[in-house]
Amino acid sequence: MDFRWDLIVEYAPFFAKGTLLTIGLSIAGIVIGTFLGLLIGLGKLMRNKLLALPFNWYINFFRGTPLMVQILLIHFAVVPPFLGTTNAIVAAIVALSLNSAAYIAEIFRAGIQSIDRGQMEAARSLGMTHVQAMKFVILPQAFKRMIPPLGNEFIVLIKDSSLAALIAAPELMYWGRAMQGQYYRAWEPYLTAAVIYLVLTLSLNFLLTRLERRMATE
Amino acid sequence: MIKVENLKKSFGLNEVLKDINVTVKPQEVVVVIGPSGSGKSTFLRCINMLESITGGHVYIEGIDLTDKKTDINKVRTEVGMVFQQFNLFPHKKVIENVMLAPMKVRKISAEEARAKGLALLRKVGLEEKAEAYPDSLSGGQKQRVAIARALAMEPNIMLFDEPTSALDPEMVGEVLEVMKQLAKEGMTMVVVTHEMGFAKEVGDRVLFMDGGLIVEENIPSELFDHPKEARTKAFLSKVL
Amino acid sequence: MKKLKVVSSVLMVAFLLILSACGTSKTGGDEKKTVRVVTDAAYAPFEYQDKGEVVGFDIDFIKAVAKEAGYNIKVEHVGWDPIFVEIKGKTADIAISSITITDKRKQTYDFSVPYFFSKNEILVPKGSAIKSAADLKGKVVAVQNGTTGQEAAEAILGENSKDLKKFENNNLAILELKKNGADAVVADNTVVEEYVRNNPNENFTVIEDDGAFEKEYYGLLFPKGSKLKADFDKAVKKVIDNGTYAKLFKQWLKKDPDIQILKDQQ
């Protein structure tokens, strides 16, 4: 089959721009999602079932509904009342953060619960408050165990950011679709996009493996 | 120093402690023995509220732990605890294990905490392991670090929850040695243990627990040599 | 570079195998040949799914044409992008999906004679400053990705302009306009007129600009060099001439067709 390298060259600047936005969306999603996820995970762990309920339902909603629907909802229904107009980049960041926060919350919860009860007891018996024990004893250990599942989630997030193309956020997949729409050729844009996503996820993987190794030797 | 009144503890429908009354005087070493499931560990854990109390009262130096206004964290700084499974913090070096609580709870400086920590490690014979991680230590060494960690808060009372039960036999001695030293220095101690030799040698008083009750209590020589209750006799005949 | 070619060929072969497993055209014992027709059934009233069944003007039209040409057909909804992959890979024989005949597409595919006339129009809120296609310059325009509406907008705004928002479908593009994310939508007249007709309360209006937007014609899409083209061209003309076309047009689009403008193109 013929493969039109010239079309890829023509679109290279757009792929470059798109890649930058994809990286931006992913980093924003990871940072905000991790922060929110920690809060929500801790919220779900609260002993008071009534207080934990909203956190539980947050996780149920964002894990249990398609990200595509969440992105459309946030873009067309949530963001406009605040900004007076749509903003695809804001909507994409909000949707990716809220969605990944639900998964990350579960990773945090599982990580925290995997730490032996004796660790909390030892910390409390020394007079530390619950918050101190969490901060200095439980979370540092739990975090180490969370790295592999978090890495997994981050990789999923990078790929999920391609759904932002739906609302015309000019990220990597958007330009892939645009190229496809212009030339009616599927393989050149989509394989190019796939290779770039692969490079992004492999780079992240590399960083995470190094982090994991460093924490293991500590 | 410790006063336990009508202490009751249930896990669901399971009543583990039925009615415990004990007083521990300053500098006294009280040893708690009894078959497994007798409630002796639960009793010990109620003394620093690691278990919530179902009924009755526990007073530490006159402060009622069951009073909602009591700051339990403050009380715990006065009550050190040593666990069967050591529960050292694996992500921290030995010296950091010892320094952590004094720095975060007592808010002393890192230099001061380190100096104090090293002194305590010297006391338990592990100064050279200060920069090691707990994973590289033997069981006996871990438990000695755990004792140093508890002592770093300068508690007035030390609770020991079967401190030698998870150790290989050849390591039991080094831990008991540290505990004996502590007793000699006048520390108030409550020790749950199966080491009858230790109970005899160091204990001022021995409590025999069974079925959630204190069945018999006496000075060691009397309790071991002239037990009065049938259940005490049956237990001692099995372990001695 | 050679390596990547191998990889892409392998992917292509895998893709074709999957497609062929889904069913390809076969010559049965019947004298009539069955041809596989693919469509993107997401464009009412031309082609859409009614409770899972693919229906619409295009569908009834291709049925009439196939009957005239003496072929059995099997219509399948495959989605927009796959249409072009399948026709190019010859895993499908014909595509009908309101596909506009363009020179760019002609480079890769064959088209039948035109069977439908269409043009792009601009959808704007009532009272908008946009009065003609030229006014779109500097405004944010929402379009459906890969449509001639996009090409028409790009002709004014510039290719891949930052003011152009490309959506998956016209519904999303119009939603963007409704939520102030865009100043105008450029799409087929059928789409925008139908929208305004169905949503009179939303205060949108249609701007026609025949000077700026080229006339467009829909055609059946064939693989390059398809032997079916001759038979179907003849049948398309016949169906238009014998009145069946006008009947279907009225039935689905609620108005009379401009037959002459089609005849001029044939």
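By letter and in written order, the chains are A, B and C; residue numbering begins at 1 in each of them.
Everything that follows uses one rule, which is that contacts are C-beta pairs under 8 Å (C-beta built on N, C-alpha and C of every residue); 3 or more make two chains touch, one makes a residue touch a chain.
Keep in mind that what you see is a predicted model, and the values were worked out from it rather than measured.
Within the contact network of the assembly, the step distance from chain B to chain C comes to 2.
With every chain reduced to the mean of its CA atoms, the largest distance from chain B is reached by C. Distance from per-chain Cα centroids to the pooled protein Cα centroid is smallest for A. With centres defined as mean CA coordinates, chain C is found 81 Å away from chain B.
In whole angstrom, the spacing between the mean C-alpha positions of chain A and chain B is 46. Taking the mean of the C-alpha atoms as each chain's centre, chain A and chain C sit 36 Å apart. For chain A in complex with chain B, the touching residues are 116, 118-119, 121-129, 132, 136-137, 140-141, 144, 218.
Contact residues on chain C toward chain A in their complex (touch as defined above): 1, 4-5, 8-9, 11-12, 81, 84-85, 104-105, 108, 142, 145-147, 150, 159-160, 162, 165-168, 172, 175-176, 179-182.
Listed in rising order, the residues of chain A touching chain C in the complex are 1, 3, 5, 14, 72, 76, 80, 84-88, 165-168, 170, 174-175, 177-178, 180-187, 191. Taken together, the chain B residues at the contact with chain A in this complex read 48, 50, 73-74, 76-77, 79-81, 83, 85, 87-91, 100-101, 104-105, 133, 146, 149-150, 153.
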